Amino acid sequence: MELTFYIAAAVAVLATIMVITRYNMIHALLYLVVSFLAVAVVFLTMGAPFMAALEVIVYAGAIVVLIIFVIMMLSLTREDVEQEKAWLQPKLWMGPALLSFVLLAELVYLLVIAEMPAAPAVAGSYVDARAVGLALYGPYVLGVQLSGILLMAGIVGAYHLGRQKKKVIHRFLQEKEPQKERSAAI
Amino acid sequence: MEELLWLIPALPFAGALLLVLLGNRISRALVSAIGVGSVGISAAITLVLGIEYLTSRPSFIRQEVWQWFDVAGFSPSIAFHLDALSMVFIFVITFVGFLIHIYSTEYMAEDKDYARFFACMNLFVGSMLMLVMADNLLLLYLGWEGVGLCSYLLIGFWYKEPANGYAARKAFIITRVGDTAIAIGLFMLFQQFGTLHIQSISTEAVQVWTIGNETAVIIAFLLLGGAVGKSGQLPLQTWLPDAMAGPTPVSALIHAATMVTAGVYLIARMHVVFELAPAAMMAVAVIGAITLLIAGFAALTQYDIKRVLAYSTISQVGYMFLALGVGAWSAGVFHFMIHGFFKALLFLCAGAIILALHHEQDMRKMGGLSKKLPVVFYTFLIGAASLAAFPLVSAGFYSKDQILWLQLAGENGNIWLYLAGLLGAFITSIYTFRMVFLTFYGEEKTHVGHKPTWAITVPLIVLAVLSFAGGFIELPHNFGHVVLFSDFLAPILPAVSIVPDFTQYEWMLQLLAAVISLGGIFIAYLFYYKKPELIDSIHRSEFAMAVHRFWHSGWGFDQLYDALFVRPYVYLSKVNKSDFIDSFYTFLADATQGLHDLFSRSQTGIMRNYVAGIVVGAIMILTISLLL
Amino acid sequence: MTTIPMETGLLLAGVLFMLGLISVMIRRNIIFMLISVEIMLNAAGLAFIVAGSHWAQPDGQIMFIFILTMAAAEVSVGLALILQIHHQLKTLNSDAANFMRG
Amino acid sequence: MTLTDFQHLMPLLILTFAVLVSMLVIAVGRNHKIMYVITAVSFLAAFASLFELRDVGRYTIEPLLVVDGFGVFYIGMMLLAALLISMLSYAYFEQREERKEEYYMLLLLATIGACVLVISKHFASLFLGIEILSVSLYALIAYLRTRERSNEAGIKYLILAAFSSAFLLFGMALVYASTGTMEFAGIAAAIANFTELPLLLLTGFGLMIVGIGFKLSVVPFHMWAPDVYEGAPAPVTAFIATVSKGGVLGVLIRFFMEVDGFRYPTLVLIFTIVAIASMLAGNLLALLQRNVKRILAYSSIAHLGYLLVAFLAGNQMGVEAVTFYLVAYFITTVGAFGVVAMLSDKERDAEQLEDYRALLWRRPWTAAVFTAMLLSLAGIPLTAGFVGKFYILAAGVNTQLWLLVVMLALNSVIGLFYYIRIVAVMFQQPEAEAEIQPRGRLRPSIYVASVGTLTVLALLLVYIGVYPSGLLQIIQGLLVTSTAP
Amino acid sequence: MILVWLIVILMVGGVLAWISGKVNRALSRWVALGSVLAVFGLTLYLWLSNPVPVLGSAWLIQFTQPWIPQWGISFSLAIDGLSLLMLLLTFFIGLLAVLISWREIQTKVAFFHFNLLWVLAGITGVFLTMDLFLFYFFWEVMLIPMYFLIGIWGHENRRYAAFKFFIFTQASGLLMLLAILGLYFIHGNQTGVYTFSYFELLNTTLAPEAARLLMFGFLAAFLVKLPVVPFHSWLPDAHSEAPTAGSVILAGLLLKTGAYGLLRFVLPLFPTATVEFAPWAMLLGVIGIIYGAILAFSQTDLKRLVAYTSVSHMGFVILGVFAFNEWALQGVVMQMITHGLSTGALFIIAGFLYERLHTRDIRQMGGFWSTAPKMGVIALIFVMASLGLPGLGNFIAEFLTLVGSWQANNWLTVFATIGLVMATIYSLRIMQKIFFEANHMEQALPDLNAREMLIAIPMVAMILWLGLYPQSVLDTARPSIQEQLQAYTETPLEHEHVAEVAAPETETSVVNDVEWKPSSNFQISTSPNPSTSKASTPLIIKSSN
């Protein structure tokens, strides 16, 4: 299990590095999918299979696909890749990278020196879909309703902002989220 | 009659008020009536009161008009105090003042601001009366300052000329320097005695202080400071020659009856304190001696007739100080009175001359006036004789002689003071008769315009009579021994104690004084009438001319003060006109704006920078978490 | 069941988070910025899962679901906006959108 | 979920219901006026329903929400603010040809988010509340799509908000990892025994502060504020400045009071630095700014700094002071943006200082109201802002936060300058006759609601400024039930 | 209740004046005049009906109404002799301010009068209130209208001046607020009673360190308002840029609030701290006297010149306040009143000149005496008042102050007295440059008209009355001054310089019988403090009774 975790973690990190260094957006997005998949594996090793599935479906599926759609709609060309290359000059990213590195160093240091709380007595951290579902529709049901409202806000906003001459986008945006029904449930 | 006491100062004040209110809307005749009349009635009341006072001889008369204010035991009143000393002063002020007022009706007849002139003159007389009649020092201070104000207004009467304004301000400011000293003296007196009532202080002082008490000395010196300022004594004498900028009657009033004698009055009035402070007494005498010499020498070199008279005033007041300084109180006051007469006379004569010569004041352009203006000539001669202490027949001889004699005979006397006085007398007679010869003899250089009429001649004659006869009320021991004046003052001012066995030399000293005086006159005659070329030969000498210039400028005091005080003050003020403290606040404001610019630059509008901002914040927070 | 220590999981989340962060800071392309933010959100979600698995509670996973929801809403609105911006500015350069400053 | 739960969530239900109704109405046919009425009525109804909850004590809906006096007061405050903002919006949007109806829906949704925030007692509800608020705001800010700056503002807010949300989430995750619970009370219980916070938890708190600080636009997370304020429509700006910040501040107070974060010098130090930096930077940035909306943005940064001073006082009085100040700040900010909205025309918002030149001569009453608002922001007596500032100073002095208090006083002085500067511009003599004429406007009846709202606000401002006792009583009455653990 | 009416009449009058301006411009002038006359009449009635306050308590009327009970704030007004005098001055000056604006203000007349009346209302509040919160409240209330007065109707540089004025006073005011709060909590913690009531807070016992800090808080506000030298730089700008009425109110009233605050709050609240600070405060006063005088001399802008004279004159106030004895405090009270009149009058004259010449530059003036003698005489009187000529009110003020301060500190008093010479220097310059010398202006200068004489004559009468018979004012102020000084009667400072009091054999001794209460700070003592090193000799007291 541990080995799986470490491999998946390494893949995730590497894929993410690839994401942030690609000039071509589609390439980057494909790496992003890899990264998400790797994280899904990590979830599995962490004993959260349901989440692993959601990660794949929603992140790697819905969200990335949505972005790809938009990219396609904007019909990005070869020049945009060149442009991207030009934007990613080392002198431009050195400063921010340094800042981030400081932050990372601090965070890592803090995490490493921090004494972790002891795990609870109950052994085994496997939390299955059932437990999650019970919690979600038990105590957290209000949260579900609230996320419905959240999605409604997102939809209304996207609808208003995305409205353009081209009807196509309009329809895409409207259909993108299946959770819409839930928002109406409140 | 005693109830009328308050009217003496009130009438001139009322006259002034009336003239201010009515201003130029009323006729000149009415203005004269109010102006002259108010002082005239005051003089009349003074006369009546004086007679009554002489007959009944109370120690003093006090009249409280109202309580001025009362704060925690500090309760001065508007109250008048009449005793022999103030009597003398009131007499001189009202009578001489009255005469000068009469004289002014003619002298100022042509002036546009006739009403203003009389308003100020009345105010002047009123303030001076207030000064000498005050029963407490605060009221005295009121009069004291009022005199300063009036001198300012009158010296700068012809205000269009900036120089006059300068002279006026100079007078006011310099005398105010002295006033500051008095004020501090008053604070100390109040702290000591809890009151500023003069009589109380006089009675308390002897009980509280022993002779030479430090506080007493300080107070005496502070009072002296004030006296020096008003009386034009060293080192605050510089305003007085410039004060000639005002109309001549004003000069007469300032020099004869009012202002300059205020210092003499103050010292005489506070003699108890001074007697307890021998050092201050000595200072008074020394100041008097030095001043009389300096002013004498300066007078020698002046060409402006009024300036000569001005320096002579300084010099004569120096004699008074000399007298007061050795404790010869009544001699000082006596000289004050006589000086009041003859100085008023001289000034009024000078005024008549100036008026006749179309406002020409330079003696070099005068001459041969004895024929044209006979009344003026003879009265001037009497005045000059008095000033030069012409032996036996002039009042000035008796008063000055008394002072000189007491320098040796008095217990506090001192041979050096005597010699200074003697030298002063010599110079006095030189410059006095220099004036006489330059003005009235020789050939006529300027056409005589205005001939004086009665309003000028009557005051001249009256004053001439007083200058001539005034001396006979106080004659030396060996000389009739009339002591009317000192007897009159005896209850107020202690007699000077005479060194025993000195009386027999008195006639020698008198002779010496007479010789000195006559010698001075002779030299003047020689230089300025008989052989004017002698002067020219002197003028050829470089050194003599330097000395001449030095004396002419009043021993360079003006330049000294200019460099020492005036210019630094003006420079300090001008250089800091825009207030350097303000620049500190301006700097604050600028710095804030600078910070604003700095911060504004961070708002680039570029999102990535904002992200960086958040990251920096995160780093900051984590760093704090790490370090603490 | 897992023996992976929590700090390792959190470290992974932290590293992913930082990578996203770097990307947000160095990328000028708005879409890339959006993607980078998604990486960060995902990393945060991972952290929740790690913590949840450590405490053997479903709460962490539930938070992940909420994050997922939020990310979706975010991306939809964000993309709509990006379309608008591209429409207006004809570029995806975030630095070009700097009319407001000072 | 029981029926009583629903009763206690009545205001939120009403708002949600209103959103749904709105959606249906839009589906039937678009009508600005109807939408406007529905919104206003629902805000009113929600507010009215609060009166039922006056004596609620402390009602918890496990594990997410808690309804108590504090929450009720904050909800009421935000509902009123939202109501007033919606009142002001009518005239503003009427003259723009955009589709106006969604605006009201989004406004309702955003308000729901803010309300959830202040009654949340759990990270999940906190997070959801914030996100509902944010996501609605993304669209609201960019609502006027045709204006070139609104997209810019929208995308800036979106990216940065999501970015900071990530920090917030990561922080929450760390806290959760450290304590094993996401309930405030649970966290409090978990750390109660520590005298010093464990590093993991501290890191978590620190990262959360980043997220919260962003929403509060405190330095150094403030940079978005001026741009967004400038780009957003004036009523939306008012909403961001008031409801959005009020909600976040509410939950911050609740959380901190619950866990008693004031015991930890690290956290206090962080907040102190943030407060001072906010006051200074906000005021300095506003100093010579010529765009009124940006000035108000910077000033709101500074005001958040002031609020943090009272927040740091950390006791009952501090909470009262924050609350009171918030009320004053709400009134003032809504009023100020209301004036901006009212003076705006079709093309652009009245945001340049030049737009206000000689306003006193053109529209004396508007100028007077704006002056009153600015003076209140500056903390001048007779206005609510004065009493608020006084309260904050009192709280600060009481806890002897001398540094903060002195900084506050100093900054008030800097602040004075730019508030007064606007006033001075309004009071300038008109240079030409042309300036006296008002710019082209819609028919007056449109403005009735705006004028009425501004009048109410101005009266409220003065009333609270002169007689704060009443409000004080309400605050103390409601808060005393909740902050006592 | 009458006290509330004073404020209410002014505030309502202000609003009415604003509204009535819509009807008719002249109407708002009359409304303003009417309201100020009404309050002036009321106050005058108060004064005349209560000439001597009851012994034992200085307070004449009190009015208290809870305002914000949660914080222990009440709407508490009270009047004693000091307040009464200040109110009389306020309304008198207010009346003049309305009158002088009659012709000068031609734009936004209604709003002008609104502001004018509200400034007066604020000042009235400051002088009346006995609740520290309310005090601060009014303290700030008076600033806004003043800001508008300067900022709207001022001269060329008005905005700058208005900003400066506002920021200076606000900054200092906030420090005072902090101090008030500090006091509030200290008192609350001590007694458990949280209140802003002045009377309650008087009983607070303070640690020396706390007292010092709190005192500085209060001082900050008052010293800036007064103003004392390093903090004075707002004053010349504000005074010179304000319209005439504004300058008059600034100089005549606003500065007095600082002095009033010192008397009313700083002295009784922090007795020990003030004694410590006294030499420094007096030093500041002396620096102010001299610095102001020097700067006044070189100014060419008439109003600026007069403004610097205010700086100089206010130096006497702080000098006197920190002398802690009745003479000095009476002097301070007198100074407040007389300076209000004399400087106000000088500003009015500057206003008259500006109306006629449209310049304030004295270099362009000169020789106006010949065409405008009335103005000249009146200017002369007030110039003389400003240099402290005896017989005019300012002399009494300055002399009493100096007498008092001499008891406290000799050397500083000496320097302060030198300030009188400098006052002469700058004062005479005013006369010289404006009324004397040659007239090099083209236009003729018309003399004062009837309305202007109506303004000037009462001021002349007042200043003369105060100079010649100030007793009624002093009597009114005495009880409250003694009350302010109560805390100092036991301080060693007082023993240091007790003077020997000899009984004058005049009527004054009769007066002493009445006034020599033991409560007077002027204590009879036979044991001079050995620590004194002054030249003053130990004293022997001989009480008059």
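In order of appearance the chains are A, B, C, D and E, and numbering begins at 1 in each one.
Simple rule for what comes next: a contact is a pair of C-beta atoms (placed from the backbone, for glycine too) under 8 Å apart; a residue touches a chain by one contact, two chains touch by 3 or more.
Treat the numbers as computed from the prediction; the structure is a model and nothing was measured.
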| item | value |
| --- | --- |
| Joint neighbours of subunit E and subunit D, given as chain labels | B |
| Centrality ranking, top chain (CA atoms only) | E |
| Most remote chain, CA-based centroid, reference being subunit C | B |
| Chain whose mean Cα position lies farthest from subunit A | B |
| B-E against A-D, pair bridged by the larger set of C-beta contacts | B-E |
| Between subunit E and subunit C, distance of the C-alpha-averaged centres to the nearest whole Å | 66 |
| Centre-to-centre distance between subunit C and subunit A (centres being mean Cα positions), rounded to whole Å | 6 |
| Subunit C and subunit D, separation of their C-alpha mean positions in angstrom | 26 |
| Distance between chain centroids, defined by C-alpha means - subunit A, subunit E (Å) | 71 |
| Contacts with 2+ other chains: residues of subunit C | 6, 10, 14, 17, 20-21, 24-28, 33-34, 50, 52, 54-55, 57, 59-60, 62, 66, 70, 73-74, 77, 81-82, 84, 94, 97-102 |
| Residue numbers of subunit D (touch at least two other chains) | 124, 128, 131, 135, 138-139, 142, 145, 154-156, 159, 163, 177, 180, 199, 202-203, 226-227, 289 |
| Two or more partner chains touched - positions in subunit A | 96, 99-100, 103, 107, 110-111, 114, 116-117, 120, 140, 143, 147, 150, 153-154, 157-159, 161 |
| Every chain pair meeting the contact rule | A-B, A-C, A-D, B-C, B-D, B-E, C-D, D-E |
| Complex interface listing, subunit B residues touching subunit E | 20, 23-24, 62, 64, 66-79, 112, 116, 135, 138, 141-142, 144-146, 149, 152-153, 156, 159-162, 165, 168-169, 172-173, 176-177, 179-180, 183-184, 186-188, 190-195, 197, 199-201, 204, 208, 213-215, 218, 569-570, 572-574, 576-577, 579, 581-582, 584-585 |
| Subunit A residues touching subunit B - in the complex, by the definition given at the top | 95-96, 99-100, 102-103, 106-107, 109-110 |
| Subunit B contact footprint on subunit C (complex, rising order) | 21, 24-28, 33, 94-95, 97-102 |
| Subunit D to subunit B touching residues, read off their complex | 155-156, 159-160, 163-164, 167, 199, 202-203, 205-207, 209-210, 213-214, 219-224, 226-227, 265-266, 269-270, 273, 281, 284-285, 287-289, 414 |
| Subunit A-facing residues of subunit B, complex | 608, 611-612, 615-616, 618-619, 622-623, 625-626 |
